[in-house]
Amino acid sequence: MSQTLTPENREKLRHVSTATLTTALFKRGLRNTFMQGPRRIDAGGPAMVGEAYTMRYIPAREDLDRLEAFKDPAHPQRKGIESCPPGHVFVIDSRGDPRAASAGSILVARLMRRGAAGIVTDGGFRDTPGIAALGIPAYHARPAAPTNLIRHHAVDLDVPIGCGDVAVYPRDILVGDDEGVVVIPAAIANEVAAEAHEMTAFEDFVMERVQAGQTIVGLYPPTQEKTVQDFEAWRKRNGR
Amino acid sequence: MSQTLTPENREKLRHVSTATLTTALFKRGLRNTFMQGPRRIDAGGPAMVGEAYTMRYIPAREDLDRLEAFKDPAHPQRKGIESCPPGHVFVIDSRGDPRAASAGSILVARLMRRGAAGIVTDGGFRDTPGIAALGIPAYHARPAAPTNLIRHHAVDLDVPIGCGDVAVYPRDILVGDDEGVVVIPAAIANEVAAEAHEMTAFEDFVMERVQAGQTIVGLYPPTQEKTVQDFEAWRKRNGR
Amino acid sequence: MSQTLTPENREKLRHVSTATLTTALFKRGLRNTFMQGPRRIDAGGPAMVGEAYTMRYIPAREDLDRLEAFKDPAHPQRKGIESCPPGHVFVIDSRGDPRAASAGSILVARLMRRGAAGIVTDGGFRDTPGIAALGIPAYHARPAAPTNLIRHHAVDLDVPIGCGDVAVYPRDILVGDDEGVVVIPAAIANEVAAEAHEMTAFEDFVMERVQAGQTIVGLYPPTQEKTVQDFEAWRKRNGR
Amino acid sequence: MSQTLTPENREKLRHVSTATLTTALFKRGLRNTFMQGPRRIDAGGPAMVGEAYTMRYIPAREDLDRLEAFKDPAHPQRKGIESCPPGHVFVIDSRGDPRAASAGSILVARLMRRGAAGIVTDGGFRDTPGIAALGIPAYHARPAAPTNLIRHHAVDLDVPIGCGDVAVYPRDILVGDDEGVVVIPAAIANEVAAEAHEMTAFEDFVMERVQAGQTIVGLYPPTQEKTVQDFEAWRKRNGR
Amino acid sequence: MSQTLTPENREKLRHVSTATLTTALFKRGLRNTFMQGPRRIDAGGPAMVGEAYTMRYIPAREDLDRLEAFKDPAHPQRKGIESCPPGHVFVIDSRGDPRAASAGSILVARLMRRGAAGIVTDGGFRDTPGIAALGIPAYHARPAAPTNLIRHHAVDLDVPIGCGDVAVYPRDILVGDDEGVVVIPAAIANEVAAEAHEMTAFEDFVMERVQAGQTIVGLYPPTQEKTVQDFEAWRKRNGR
Amino acid sequence: MSQTLTPENREKLRHVSTATLTTALFKRGLRNTFMQGPRRIDAGGPAMVGEAYTMRYIPAREDLDRLEAFKDPAHPQRKGIESCPPGHVFVIDSRGDPRAASAGSILVARLMRRGAAGIVTDGGFRDTPGIAALGIPAYHARPAAPTNLIRHHAVDLDVPIGCGDVAVYPRDILVGDDEGVVVIPAAIANEVAAEAHEMTAFEDFVMERVQAGQTIVGLYPPTQEKTVQDFEAWRKRNGR
């Protein structure tokens, strides 16, 4: 059952790491939530948070996948770029194949202009220097100069897909940082956001103590009562 | 534009090799028609010829892909087995992942009983000794004992897919021999069948000559006029 | 907590498939129990059932791994072959590297003579035609003629290892058939054997019905009451 | 039939992207022109443009590939560095193997001093921090500290090779940017350079419009007459 | 320095295993002599022994690699088949790529008719059922139905190549059994053949003892004086 | 036989490259000393030099590898972090699997605070932006957000392991620069450090000459007597 992510939790997700999120999901029995392969083109940019809007590629066939195909406004790649709702992340199933591009800088610029929150493929993008300059979170496996037609045929929009060996259902919440992309099932996105926010406070507290020279024994995880008390005091002191 | 494969051409396809077919397709500009990976479980069996009926898997998610899922008669894997038309080949997009099964011997037996022409996955099957004994053409990458739920979630039936890095559209013609599986676009299946049939006659003639000690120069390809004449004579003599 | 596998359950494990066992383990939350890669050299032989006795390889180093190393009776590979208890399976962590042999026919023959139940590596064996002729279950990734010294250095006996991307603890129960090898944690081997034995009876019943033309809907899984009744009658009739 | 690249077209190639070039080549039926794997060490540097001068490696053999081999001035790696013509790109077929170096900073510095336009391997380089500091375009798969002798044996100079799964014939034109390297057959390099130059003007125009908020429908590709007119006006305005 | 393999040693090589040969070569410091990947199509056939005659493929290019190319009698693949000397092994560097065929049954039949000792590729063959029926040793990675033109361009004959990640120089001696193919440098082929013949006698003796129940300690390797004496007696008794 | 690395040689190792070290090791017959895969997170930082302190992972098992496992202070990962001696490098055998983390920023911070010289895995780290900011040399294959429990089970401390396909024995000397990590056997670390120091002086001299326009013939390697003399003069002039 899907839920709407609250603005408060959307904001919280901007300030937690994908590492923390995968642990919150692991607690709920979900082990396969981090995309294997996709990495960020514009390292160091702001976090990516948004609902999944998907596109599916199958292998290209020479008689169908010619340059003329793009003249059709119903071509799924072009239509998808013009249909992805604001705040959503455009997620592409490229079968993990970066030998041809999933998209290039012009389409990504248009997507950004239309308000998308990011773009993700388990293949590769072309014009990556241009994409890096745009300022929209973009994740891929590696640069891929050749046009998508050489390997990929866009066939579906907004259907369940696999990306980076993880299941992505439309409206799942995608969060990306400099490590990569995690997929949160829509139905638990609010609770996971809240829990990860709490976990992050504890992790910040622990890191401060470790930097100050404290052992991790009893601290991480907090098996000593004193750790729990110290953390409570720290939260008050730091307004966390 | 799709066409119906004539019974005559269907029969011809049973007697040509996938190697010959890929050359006939290459003449038409189609270079990527042979599935990479899938190999035959029941080596030595009769050729597989039939229309594609497809199923698509995405990665599994632990909360959705539990054993209980199979109790739903609308589960695409179960529904697909009961819906694949007679004479068709059940083709499965498993994202090339053989770490869990695409199907097992009970479903394959049911599929066979319902008249399917074969089953193909770019993942793996379980109960492969049982499948080999059934006598239905079956192609996979390697044995995969774990149930599909561990890695795969069946999501679609009868949509365009990729299998073995080749595009497969519903109703394309699949032909399999001991080397593997070739995909023929529906619209050209009749002409390709007819041409491959002719090519096979010539290849048989050439092989006979080579076995008799003739050089391939001028013979294969037939750049000498004498080769063309000899072949015509051979066809008459052999009723080909 | 470890348990001894009863003779009765050991016998049951000889007559269930690895596919059935992975499902019984999946019901208990264990998803990663089937070795990825190792396949049987002597296809068609009897099932392999036995406790794990392990050996661990690390990469070779030229100054340590010379032919002279084998003269030392404490060399772990040689010592392991002479120490593996009867009824056990010799399992080798070769880091999935088949570029040099994990063992050859002479050592496997000695192991067999000493009463081992089988041998498994996620690398490769040498002298595989000779191993196939011995009649002991043997699983590997592919033939590897070069001596182990070229790539592997035997370092440990009877410690927890990984093999085919699955954890293997000493005394776990390994079961192998023509599909591959499954690892059953020692503590649950008896209950899993018993359950898989029951499941196999049901699967045999289902296969008989499917071969007779029955749909899988309501039958597999048995969502119809009638299936349950038919199965009970079948068991009585067939003494299962 | 080979042609000389005109100075004007050589300059044009410095200002077009590998993405644009692969599309110009795709229009001519060439689908496999972008090297898979090699990426730039000195990201952000100027474009690489030059004729291919090739070297071929085969696997090393311990008795032939000793450090003494380099004392021979006819050793192909050393001879190649001293023979590569100015303005050319030294392209190395390393069989895609980055486990040992294709070359190191001293040889690359010498190559640069002799006027080469760049260096490319589908293996790896050693001394990569030093190479990055030199200021010559250099492409490889990943750093590889070990000397080439450990894995590679230089055998040929200036012969057709494969690099990054693309055919490279001596005198083909190689163009590299921050995405990677494209290979242009010598016979069509002038026409491809001219066409890519034109395409780049249109792409720049499109990007400007997209950034200004225009939809891609009708614009990219230019299916509306107005787009064609707008582009003509833009060219005049911008002197393109 | 090359030597001619004596008829006596050629015969000896027919009766030793690739495993034994890799150890004899390892004693001489050669660690990388067994081809990784190629396996025998016609398992169980006689050993393959012969001098290397090589062919080199680079990646195909669409404008050069058309079906018409085969009409040229100088096409290296066709010319090579007609030039490979009797008793030699035709060895093909396919860059480890089995996505298109290295050769098919007609060419292999011609090669056999001309007296070749075998054919090896690190790619794949097409018409493999036909090749298996011919009775000539043939090694490849896996079946590959598509014509070579789709991926491969034949460029050189009788030059040093890599095959299965091993260096192959023209006139090296190739030996193949059911495990795979080993490459023996021409200059040491006679001494390696003689030594492997001796080693095989000892291994047969050891296997007999192991089958009779003797421990490997002191026996293999023969660290006990008694083993040496027993072996001498065994040789006399068995005429080895 | 192990030796202590002298402070002088430890300092020398901080100023030689991994490339130079692999050549010094190759001279001693050691060909496999550079880790394949691990690359530096904090590129541009100071060299890493230290003794190996190792940890070994095997694949995870769901019933054992739960979050509660970390509460046990004897858990090898937690215990290892608190036990690694100052000046040592924590080296992790993750079986080359970066699908889950080998460690995260809190543990790495604690390790750094305790005086470790660096951390290396052939898997991946989580919290990599945080690790990069710490200032401790850290090498991995790629970012891996999921907690180690999802794929890895820590089982051993301070035993011989493989990492990046190289053998690592406790107390071996690890040296890391921006190219990667080399492993020096403890027994030869002092002599290798001294020799690499000398080699580096010569390489610096050669690079200066090459930058000044000198050919590499006769210079590198120094086959001309004049090169030897020039180098001696250069050393005096530059106090090397």
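All chains are identified by letter, namely A, B, C, D, E and F, in their written order; residue positions are counted from 1 within each chain.
By our rule, contacts are C-beta pairs under 8 Å (C-beta built on N, C-alpha and C of every residue); 3 or more make two chains touch, one makes a residue touch a chain.
Note that the structure is predicted; figures quoted are calculated from it, not measured.
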Shortest path length from chain C to chain F (each step joins two touching chains): 1
Chain separated most widely from chain A, comparing mean CA positions: E
Centroid distance [mean C-alpha coordinates] between chain D and chain A, Å: 32
Chain B-chain D separation of Cα centroids, rounded to whole Å: 39
Distance between chain centroids, defined by C-alpha means - chain C, chain D (Å): 50
Sites on chain A at which at least two other chains make contact: 31
Inter-chain touch pairs (all): A-B, A-D, A-F, B-C, B-E, C-E, C-F, D-E, D-F
Contact footprint of chain A on chain F as seen in their complex: 67, 70-71, 73, 78, 81-82, 99, 101, 104-107, 109-110, 113, 126-130, 142-147, 149-150
Of all residues in chain C, those that touch chain F in their complex: 28-32, 58-63, 95-97, 153, 155-156, 159-162, 165-168, 185
Chain C partner contacts - residues on chain E that touch it in the complex: 17-19, 21-23, 26-27, 31, 33-34, 36, 39, 177-180, 182, 203, 206-207, 210-211, 213, 215-218, 220-221, 223
